[in-house]
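Some notes on the structure that comes next.
We just call them A, B, C, D and E in the order they show up, numbering each chain from 1.
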Amino acid sequence: MPRTEGTYKAQSERAAGTTTGQRPAAKRQRTKMVAPPNDYLVPERDALLTPVLECRHLGIDFGGLHAVEDLNLMVGKTEIAGLIGPNGAGKTTVFNLLTKVYQPTRGTILLDGQDTAGMDTARVSREGIARTFQNIRLFDSLSVEDNVKIGLHNQVSCGMWSGIFRMPRYWLSEKEFHDKALELLDVFHMADNATDIAGSLPYGAQRRLEIVRALATNPKLLLLDEPAAGMNPVETEELMDNIVRVRDRFQIAVLLIEHDMDLVMGICEGIVVLNFGRLIAKGTPEEIQANPQVVEAYLGKQD
Amino acid sequence: MMERLKGLSTPSRDNLVTYALVFAAWAVMQSLASAHAISSSMVGLLVPITAYVSLAISLNLVVGISGELSLGHAGFMSVGAFTGLVVAQILAPSVASGPLRLLVSMLAAGGVAALAGLVVGVPVMRLQGDYLAIVTLAFGEIIKNLLNNLYVGFDGGLHLSMTNVASLGMSGGKVLINGPQGAVGIEKLSSFMAGMLLVLFTLLVVTNLVNSRSGRAIMAVRDNRIAAESVGIDTTKYRLMAFVVAAALAGMAGALYAMNFSSIVPKKFDFNTSILILVFVVLGGMGNIRGGIISAALLTVLPEKLRFIGDFRMLIYAVVLISVMLFSNNAQVRMTLDGIRTRLARKDDDEALADGERGGGAHA
Amino acid sequence: MGLLTNLINGISLGSVYAIIALGYTMVYGIAKMLNFAHGDVIMVGGYICFIAMNNVGLPPVVAVLLSIVGCTCLGIVVERLAYKPLREAPSLAVLITAIGVSYFLQNTALLVWGADPKAFRSVIDSPSIKLFNGQLTVSPVSIVTVLACVAIMVGLTLFTSRTKMGKAMRACSEDKGAAQLMGINVNTTISMVFAIGSGLAAIAGVLLCSTYPTLMPTTGSLPGIKAFTAAVIGGIGSIPGAALGGVLLGIIEIFAKAYIGTQLADAIVFAVLIVVLLIRPAGLLGKEIHEKV
Amino acid sequence: DSSAGGGSASAGDTFMIGGIGPVTGAAAIYGSATKYGAQVAVDEVNAAGAVKMELNWQDDEHDPEKSVNAYNTLKDWGMQILVGTTTTTPCVAVSTETNADRIFQLTPSASSVNVLGGEEIGADSPRKDNVFQMCFTDPNQGTASAQYISQQKLGTKIAVIYNNADAYSTGIYQKFVEEAGALELEIVSTQTFTDDQTDFSVQVGDAKDKGADLLFLPIYYTPASLILSEAKKQGYAPRFFGVDGMDGILTLEGFDTELAEGVMLLTPFVATAEDEATQAFNEAYKAASGSNENPNQFAADAYDCVKALAQAIETAGITPDMATDAMCDALIAQFTDPGFSYAGLTGESSWSVTGEVTKTPKGMVIEGGVYMPLDA
Amino acid sequence: MAMLKVADLNVYYGSIHAVKGVSFEVEEGEIVTLIGANGAGKSTTLNTVAGLLKLRTGSIEFEGESLVGIPAHKMIAKGIALCPEGRRVFQDLTVRDNLDMGAFTRSDDEVVEMRKVVYERFPRLRERRRQRAGTLSGGEQQMLAMGRALMGRPKLMMLDEPSMGLAPILVQEIFDIVKVLNEMGTTVLLVEQNARMALSIADRAYVLETGRVVTMGTGAELLQDDEVRKAYLGG
C-alpha cells in the first residue's frame, strides 16, 4: 500500500509543486546547522547566542516508570525545533517538565541561561516559556479577546483597587489591553472574531487562539503540543506558514511536538527524537528521516 | 466620557441594566412604603431582602465568577454580624448619629470578615472542587461553634471569654454576646435606605472587579486552572481575592442583617443559611448577577406569601425549588430559551452594527 | 477505664457515621453528586421501622427489612423524579435539587408523622454487657453496628471492584456516553446506586435511632453532615475510606467532648477534617487524581 | 383551619388574636403544642359567648427573622393581641416590635428575662411594659429546685446537664448553682450540650464517674429521654430531678416509661391530673391536634394565656372595637392590678409589673408510668 | 440490501443545525468513510447512529430495522460499536477493566478470549494492563479505545478519527487493523481527517461540508477528484 506521500519531499520541491502558491518559498529555506562545542545542535545564526533552552540530564519518574530519562536538549534563540517520538515516548511530559506542571526528578533546565529550579508554572511563564496543550485548553466561556487579554495579564498592570474603584489607571490599562489584544489577534487574522465565545469557535480557530494567547505572554520560547492534530492537510499548510511567520515576526524560538511529518519535516530546523523517555536521535529533517532507528521506532518502513 | 460610553462592551451594558433595575426597585419600594401603600409584612421584609440580595451578589463572586463551591458563606455573615453589633454598642456612648454608627460598624464588620476570609482562604485554596466545598462548610460550622462559645461584655472596656458570662469579670455594664444565646437588646440601626446603599456598593464592587484585569484572571482560573497558570497567573492569589472580597461583603451584609432584629443567635448563621444563599445564586443562574438579585428577592418573599397555605408552606417551598430546578434545566426549555436569546442577541448585534456604521460615518 | 469507655462510645458512634458515610460515598463516587437528602432518607428509614414496630407491632427483624425495602424504593423514586431529569445539568443544579428533596422529605415527615419526637425502641432488645464489675458496659447495639459496618464495607468493596455491575458503575461515573457505547444501561445503573445507597441509609437510620433513641423529622440532618465529613476525611469515593473516616470521626468527637469540652467538640471535628485535607488533599485513603495535561 | 389566616379582620365584635411559634423545623413540637392549646381555649371562650375571639397562628421556624415576618403578617391581618411567641430568641425580637407598636403580648413559654426586658430582673434591655409571661421566668425554677432538693435531702453529690444554647435551660442552671451554693449542696459534675445533640455518653459518663447520686436536668423532655436511656445503657441509676420542661416525657410516643420511673420534677401542669379541667383539656386538645398524645405544659400554658386574656378582657370591660394601643394599655393595667389573678390549668397565676408570673410549681414523681404528687 | 441506511438525517444542538439532511449507505462487508473539514458534522452523524444524540427528522435503518429511538446501550447487542472521537477511555479503570467493559454484554469466556485477541493486536496494552487508563499517553489511549470497541465483536464498527494524534508508524498500523478487521468480516464506517489514508482503504466515501453530503464515490475516484484533492488532500 502506498504511503501518504512516499517520502517527505524536500522543501524546495514542495514549494514549487504547490497549487496554492501563497507560500513564500524564501521562508522555508533549509538552515545550515552547526555543532556548538558540546554535541548540541543549533542553527548557525543562533550559534553565538545564549540558547533559549538547555536541558541537562533531565528526568522524571512516575512510580517505577522512567517517563523521561537523561534528556539533553538545546534550542537556539530563534530556532524552530521539533520533538517527535512514538506515542507515550514522553514528549508531552517534557513540556510539562519545562513548564513545571511536573517538577523534574533529576536534571537542570536553563531558560536563556537561567536555572528554573524551584519555579512554578506561573513563574516560568513570566520568565518566558509559553505553551499550548495537546488537548485544547482555552477559557471556554470567555470571549476570544478576553482570552488574549488574560494572556497579556503580566504585560499590563492594574491592581485590584484600581479596578474596583475605576481609577484612571484602570481606563489606561484597559485601553492598552484592548489594543494589544487586537494587534495580536490580527497576526492570525482573528480580529473579527474578537467578541466570539472561545468555546464556540471551530476547532482550527481554537488551536490558533491558543497560540495567540501563548504569544500574548511575550515568550522567549513557544511550546506547541501537536498543533496540527485534527487538521486536514490544507489547514496544516496554513498552520505551518503561521508558525514560521510568528517566529520571524517575534524573533522567538519554537519547540513543537507533532505527529504530522509534513509539518515537522517542513518547518523544523533541528529535530530530536524520543523513545521510551530517552533521546534516540537528533539532527536535521534529512538526517532524521534517514536514521534507521527512527524509522523503525517511529516513522515506519515506507514501501 | 462619550468615548467611554461608546466603547462599552456587552457586559458593561448588561451591568447598566442591573443598576437600573436596582434603582427602579428602590424608588418603587421607597415611595410605596412612605405612602403606606404596602403591607407591614412587606415593609418588614425590605431590610432582610437587601441583606440577602447583597449576600447573593457576593456569593456569586465566589460561586459564579470564581467557580468555587462555597458552603460557608453564612459563616462570614455571622462574623460580620457579631462584629457589627459589638462595634455599634461600643460606639453608642460616643457617636450619637445612628446612620454613622451603622456605617462604621458595617465597615468594621467587613474588615473583620475579610480577615476571617483570609484565614479561612489561605488553607482552603490548596483544595479544589467538592473538597473545597466541604472545607468551607466545615469552616462555617467552626465559626458557628466558636461564636457559640464566645462571650463578650462591655462596661467601658471590652471583656472577652470563651467559657461563660461569669468569667467575663464585668463590673456592671452589659453582656453583648452571650455564647449560644447570642445577642439581645440590639439597637435597630438598619434601614431600607442603608440596605439599598449596601446593595449598590456590593454590586459596584463585584461588577467592577469582574470587568477588570483581576476579574479576568479570576475567570481564567475558573475556566481552566492549568491554562491560567501557563500564562503566568498566580492562581492562588486570584482565587483568594474573590474569596476574601466576597467574605468582606458578606460581613457587611451580616451587620446590616443583625442590626435589623433585636436578637440574634450564632445558630442562625448555620449550614442552612449558607445553602439558602447558594440557592439564590444557583436559581438566578451562576455568574448571572442580575438573576441572583431577582431570585434572592423573590425567594425571600415567597415563603411569606405562602403563609396562607398554613402547614403545607415549607412543603410547597420545597416543591417549588425542585420544580424550578427541573424546569430551568429541562432540555426542551433550554432550547426554547436559547432560541429566544439568539434571536435577541441577533437583534442586539444588528443594532450594534447599525451603531457602528453610524459611528464610523461620523468619524469619516 | 474512662478512656476505654470513651473509646467504646467513640467506636459505636463512629460506626453509625461510617454506615451513613458508606451510603454517601457510594452515591458520590458513582453519581458524582453530593446527595444532601441522604440524611433525610435515614430519617424516613427510622420512621418506617418505628411505625412497623410500635404501631403495627411487627418483630424488629421484619421492621428493619421493611424499612430497607421502603427506603430502597424511596431512593429509586426520588432518583427517577428529581435527579434523572438533571443528568446533563450542571452539578450545582443537582445539588440544589437534592437540598429541595431534603426539605421535601423533612416537611412531609412533619405532616405525616407530626412534630413530636418519637422515642425509638432499640431493635436489639437485650441488656448491656457488663465488664469489670459493671465499670465498663457495652451495649449490644454498638456491637451490631460495628459488625454491620464492617460487613457493609467489605461487601461494597467486593461489589465495586469484582463484579461486572460494580465496574459498570465506575464506568458510568466517569463517562456516561462511553459507558452506553459499551452496552451499559446508565439509567438502570444509577438507579441501582441509589437503591443501594438508600438501603444502606435505612440500616443506618435504624442503628442510629437504636443508639440514640429519638426520632423526629430533623433527625437525619446533623448525622448526615457529620457522615459526609467522615466520607471526605476518608477520601470521598473510597469505600474503606468512608468506614475509616466514620470511625475516626466518632472517636475524635467523643474524645473531644470528654477531654476538651462538649462545647467545642464540633469545632474540633471539623478542624480535624481541615487538617487532614491539608495534609492529604484527597482524604486519608482517597486517590489523588492529577489531571493529565 | 385557624392558621389559614391572611384575610382581613372581621367586623368589630371579635378580638383578633395572633399566635406565633414554630410549627415546622426542629422546634416544631413546641410551636404545635402551643398552637393547639391556644386553639382549644379560643373555642371554649367563643362557646362561652361573652367574648368572641379569632385565632391566627403563624409559623416562625424558631428564627427571629421569620418570627418578625410572621408578626408583620399578623399585623396586616389586623391582630390586636399577641399570644406568643413560643420560643425565647424569636420572642426577644418580636417583643421589641410589639412594644414599639403598642400591641399587648402574652407569651406562653418564652421564659427568658430578656423577653420582658427590665434592669430589675437582670435583662439586657429596658422593660417592655406590654409583654407578660405565662410560664415561670427561668430563675425562679432554679431557686425552687435547689431549695426542694436541699429540704428533702434528695442528694449529696449533684450533677447537672443543661443546654447552654437555650436561654431557658441556662437561666435555670445559673440560679440553681447560686442557690445550691447558698444551701451548701455539692455539685460534682456540670456538663452542657447544644440543640441537635443526641449523644450523651460523655455527659452521663462524667456524672457516673464523679459518683453523683442526683442528676439535675433543667432541660426539655426530648433530650431528657435520651439521657435517661443513656444512663440505663451505662448502668447508672441516680435520682433524676427535672423542671417543667420535663413534663411531656410520658407522652413521648414509643417511650419506655420504665426509664422514667422515679424521676422527680417541678411542674405547674400534669396532663394525668385527675381534675375535670385537665381531663376536658386533654380531650379537646387531642381532638384539635388530631393526635392521640396528651398535651404537655406548653399546650397548657398557651391555653391559659388565652383564658387569662379572656378573663382580663371581661374584667376590664375591653371591647374589640378599641384601638390596639388603648387595648394594650387597658390590658397592662388589668394584668398588673394587684387584685387580678387567674386560676387555670397551670395553677393560680398573678403578674407583677416586671411581667413575670407568680404561681406555685407542684412537685411530682413518676411512679408506675404516672405522675404522683411528691408531697403527698 | 444495505446494512446501514441513513436517510435525510437532521440533527440539532439546541438551535444549532449541525447535520442537514445527510443520507448514506453502508453495505455489509464494506469500508465506508466520511471525510470533511472540522465541524462538518461527521462526529455528530456517528453519534446519532450510535444513539447518543437524538435526531430531529430522518431515518436510520440497520439490517432492515429502524434504529430511531433505540437507546445507545442497546446498540452493542445489535452489533454496532462506536469508537468515539477523543478516545473517551475510562480514566480511572485499569487498561484491563476498560477492555472488559467493551464486552459488557458478553459472557466471561468470550471476554477472556477477546482479550487475548486484542492483546495480540496491541502488545503495548498487555504491557500496561494494570495501569490506570488516564495516565496512558494519547496514542496508548487510542489503542485502548479501539481495543475496547473490538471486544464487543461488532458487525458494524464505527471509528471516529482513530488516527488522531498517533505516530506515523501507528497510523499505518491503525489503518492496517481496520483493513484486517474488515477482512475478518466486520463492516467499517470510518471518519477521518487523514483523508488520503482513509480514501485509500475505503470502498466508498462521502464528503461532508457544513452538515451536508456534497460528493460521494469510490475511494479511488475521490482520490483523483480535483475538488477533493484541493480541499482535503493538500498540495
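As a convention for this text, contacts are C-beta pairs under 8 Å (C-beta built on N, C-alpha and C of every residue); 3 or more make two chains touch, one makes a residue touch a chain.
Fair warning: this is a prediction, and the values are worked out from it, not measured in the lab.
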(message) Which chains sit in contact with both members of the pair chain A and chain B?
(response) C, E
(request) Determine the set of chains touching chain A that also touch chain D. (result) B, C
(message) Applying the document's contact definition, name the chain pair with more C-beta pairs in contact, A-C or A-E.
(response) A-E
(request) Round to the nearest whole Å and give the separation of the Cα centres of chain C and chain E. (result) 43
(request) Go ahead and note the Å separation of the Cα centroids belonging to chain B and chain D. (result) 37
(message) What's the distance between the Cα centroids of chain B and chain E, rounded to whole Å?
(response) 50
(request) Quick one: which residues in chain D touch 2 or more of the other chains? (result) 23-24, 164, 194
(request) Note the residues in chain A that touch 2 or more other chains, in rising order. (result) 92, 101, 133-134
(request) For chain B, write out the residues touching at least two other chains, lowest number first. (result) 148, 226, 311, 314
(request) Mind listing each pair of touching chains for me? (result) A-B, A-C, A-E, B-C, B-D, B-E, C-D, C-E
(request) Under the touch definition given earlier, write down the residues of chain C that touch chain B in their complex. (result) 28, 34, 36, 82, 85-86, 88-90, 92-93, 95-97, 99-101, 103-104, 107-108, 110-111, 225, 228-229, 232, 236, 263-264, 266-267, 270-271, 273-274, 277-278, 281-282, 291, 293
(request) Over in the complex, which chain B residues touch chain E? Could you list them? (result) 334-335, 338-339, 342
(request) Could you please specify the touching residues of chain C with respect to chain A in the complex? (result) 293
(message) Help me check something: in the complex, which residues belonging to chain A touch chain C?
(response) 92, 96, 101, 133-134
(message) Taking the touch rule as given, give the residues of chain D at its contact with chain B in the complex, in rising order.
(response) 1, 3-6, 23-24, 58-59, 61, 63-66, 68-73, 75-76, 89-90, 92-93, 96, 112, 114, 117, 123-125, 164-167, 170, 194-195
